[in-house]
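The chains carry the letters A, B, C, D, E and F, assigned in the order they are written, with residues numbered from 1 in each.
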Amino acid sequence: MRVSIIRRAHFNAAHRLHNQEWSDEKNLKVFGLCNSPNYHGHNYDMEVKLTGETDPVTGYLYDLKDLSDLIKAEIEDRFDHKNLNLDTEEFKDLNPTTENLVYVIYNILREKIAPEYDIKIRLWETARNSVEYPADS
Amino acid sequence: MRVSIIRRAHFNAAHRLHNQEWSDEKNLKVFGLCNSPNYHGHNYDMEVKLTGETDPVTGYLYDLKDLSDLIKAEIEDRFDHKNLNLDTEEFKDLNPTTENLVYVIYNILREKIAPEYDIKIRLWETARNSVEYPADS
Amino acid sequence: MRVSIIRRAHFNAAHRLHNQEWSDEKNLKVFGLCNSPNYHGHNYDMEVKLTGETDPVTGYLYDLKDLSDLIKAEIEDRFDHKNLNLDTEEFKDLNPTTENLVYVIYNILREKIAPEYDIKIRLWETARNSVEYPADS
Amino acid sequence: MRVSIIRRAHFNAAHRLHNQEWSDEKNLKVFGLCNSPNYHGHNYDMEVKLTGETDPVTGYLYDLKDLSDLIKAEIEDRFDHKNLNLDTEEFKDLNPTTENLVYVIYNILREKIAPEYDIKIRLWETARNSVEYPADS
Amino acid sequence: MRVSIIRRAHFNAAHRLHNQEWSDEKNLKVFGLCNSPNYHGHNYDMEVKLTGETDPVTGYLYDLKDLSDLIKAEIEDRFDHKNLNLDTEEFKDLNPTTENLVYVIYNILREKIAPEYDIKIRLWETARNSVEYPADS
Amino acid sequence: MRVSIIRRAHFNAAHRLHNQEWSDEKNLKVFGLCNSPNYHGHNYDMEVKLTGETDPVTGYLYDLKDLSDLIKAEIEDRFDHKNLNLDTEEFKDLNPTTENLVYVIYNILREKIAPEYDIKIRLWETARNSVEYPADS
């Protein structure tokens, strides 16, 4: 009995899209408003999906309190009320696009969750824009 | 032309997570607040997804009125305004976790929907917690 | 500068609508499915609205962390994962309709929040049904 | 690093489900209220999902401004505030069911988006009914 | 104990904004896309709010099943899957703007609901545009 | 016929809560995470409500395209993708709490909208926290 459970979480952060090797003109042309020099920010909504075999004794795939505590300790405490570019190790040299952010979140959780569970992350930067990793196929 | 249609429905039910073979202490430790002895409850939201080939004459994969009537007769009338532990056959000896509930719903609908349609169920216990069965892979 | 702040919270509870002085027939006739004997349940969503004068030094009407802690201590811890009829003092002799529940919540918070703040509560029993107290006029 | 980005958009349109080769009685029997002769309408919500490899230089899968402009030019300008049956080439001889509409939208975008990106469309006709094309499997 | 209850409902309809006494040019100038000649449509969401005194015996302000049946009989059956301009008496000579529609709905319900209940209607034409009648002050 | 129309809009911005006359310790104590030195950010959702008399010739209270253009020009272009503390005149010397932000937005729009329309603003900083100005009473 292979199921997926999905836990929703969120954090609020500032960021700026910028490639340090480009001129200001090129950055503005490629990233537009998202290159705004003093940062802007988002309420990020996130779904963490785990897939695996349900434990027949508990009827649980994974204890949701454990999952929610893990997301708080590893993702929310790291990124919530932070400036992604200035306050985090992960984006010192990586452009904080939603694509890169979802990839970073996946890798942080991948190390903390046992390998028998598949993981997928969906991250909303706004109500209209979201990214999923890994892709379905 | 292989498409999926998704119909959203909901029901309101009480339940309690409990393993009858365990002590009260162990039940409380594993299930926490969800083991509360006099039950608690949820507004369950559900998406039923059918996948198959569109009928070129009607342009329908499946008549949505038929699907909605089927969900009402087989799922809503069975679980809505019920105590899952006390009022249903399905959970007499099965712990009503969301994982088990989504599996039960899948099997009820699987018997009533022609085999040329694949079925997938997503069930939200709260706005933040949901389960999907069968898993994507 | 008179403003309102609105904080959203939620809890999950079981209940049953029942008037102990009526026959079973009359209870069923008046309360229908909501009279189901073994209880059913809901994810209650709640908005607590405070109205008053903003403090010009902080720019706050009321510290939202304090408000959120108060709602947790006084409302969520009291009602979340509970059976309203069996587990709470407030509904020992009071029918747990949404009207009565919103009135009870208002009175609990009214005692804990300084009188210079007006309070209004909106409570959703389901996505389609909600109640507000006190009424606008 | 294979990711998916999802962009949400919407348009408002009128339509009527009708098979021109059938009698009025048969149309009414099969399509019910949706066959109402003077049309009815919907706020269509749409998610366009692109899957491919992130560009390591920009950290983008696809420029979201380009995607949003493309959706506006090709889908919103074509269908928004239109009568699908009377005002569009696509549904002159095709019944505007949600299944057919999602297939039409897919094919319009497929021609405009480079083949290294996979495309999937999800279209909501109402909050409770939606269709996805192509299906997951 | 004066409370308000709010019931949410919806219907799907086609319409066109048009003043029959104006030229086509003026209609297009004033109403823009909403004047599109072959109609367009919306999923209308509606909240009906009743305000009054709770009955101390039932704990109800108004039976929600009665309210929901009334909304179905008087509003949904009248407007759902209809063309507001062509299929309804109410908009034969009245422009179906959201302002006029909310006023019409208010007056239909006002005649069917006892005068001790105040009524307020909020109607969403899209997720971003809504109208309320009567106004708060 | 006095009605209200409500238009929803949004913008994404960075900010930091800070009182320049206080020590760092006091700022941290009062504003907590919101005092984070390098800013954080939000997707702000906003409802602008206008109340007045419907024009009987158009059936409009206020042209929604005009209102939406005004909100874009005066609010979105000013605050979207900006750092409220560093990039705006309005918050040079004013702490960008949601209470102060809603008051600033009200005053900007109040100057641009004719006085026969009452204005009320509701602003969501997150899905759980919002502020309304002016207050209902």
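Some points to look at:
Everything that follows uses one rule, which is that a residue touches a chain if its C-beta (ideal position, glycine included) is under 8 Å from a C-beta of that chain, and two chains touch if they have at least 3 such contacts.
Everything quoted here is computed from the prediction, not taken from an experiment.
Path length between chain A and chain E in the chain contact graph, taken as the least number of steps between touching chains: 2. At the chain A-chain B interface, residue numbers used by both copies make up under half of all numbers present, so the two copies contact each other through mostly different positions. Set against the C-alpha centre of chain C, every other chain centre is closer than that of D. Among the other chains, the CA centroid farthest from that of chain B is the one of F.
For this pair, chain B with chain E, the centres built from the Cα atoms lie 34 Å apart.
Centre-to-centre spacing of chain C and chain E amounts to 28 Å, using the average Cα coordinate of each chain. Among the residues of chain D, those in touch with two or more other chains are 127, 136.
Taken together, the touching pairs give a contact graph of some other shape, not a line, ring, star or complete one.
Inter-chain contacts occur between A-B, A-D, A-F, B-C, B-D, C-E, C-F, D-E, E-F. Residues 1-9, 49, 51-52, 54, 57-61, 63-65, 118, 136 of chain C touch chain F in their complex. Chain D meets chain B in the complex at residues 17, 19, 30, 32, 94-100, 102-103, 127-137. Across the complex, chain B meets chain C through its residues 10, 12-15, 33-34, 36, 38-43, 80-83, 86-87, 126-127.
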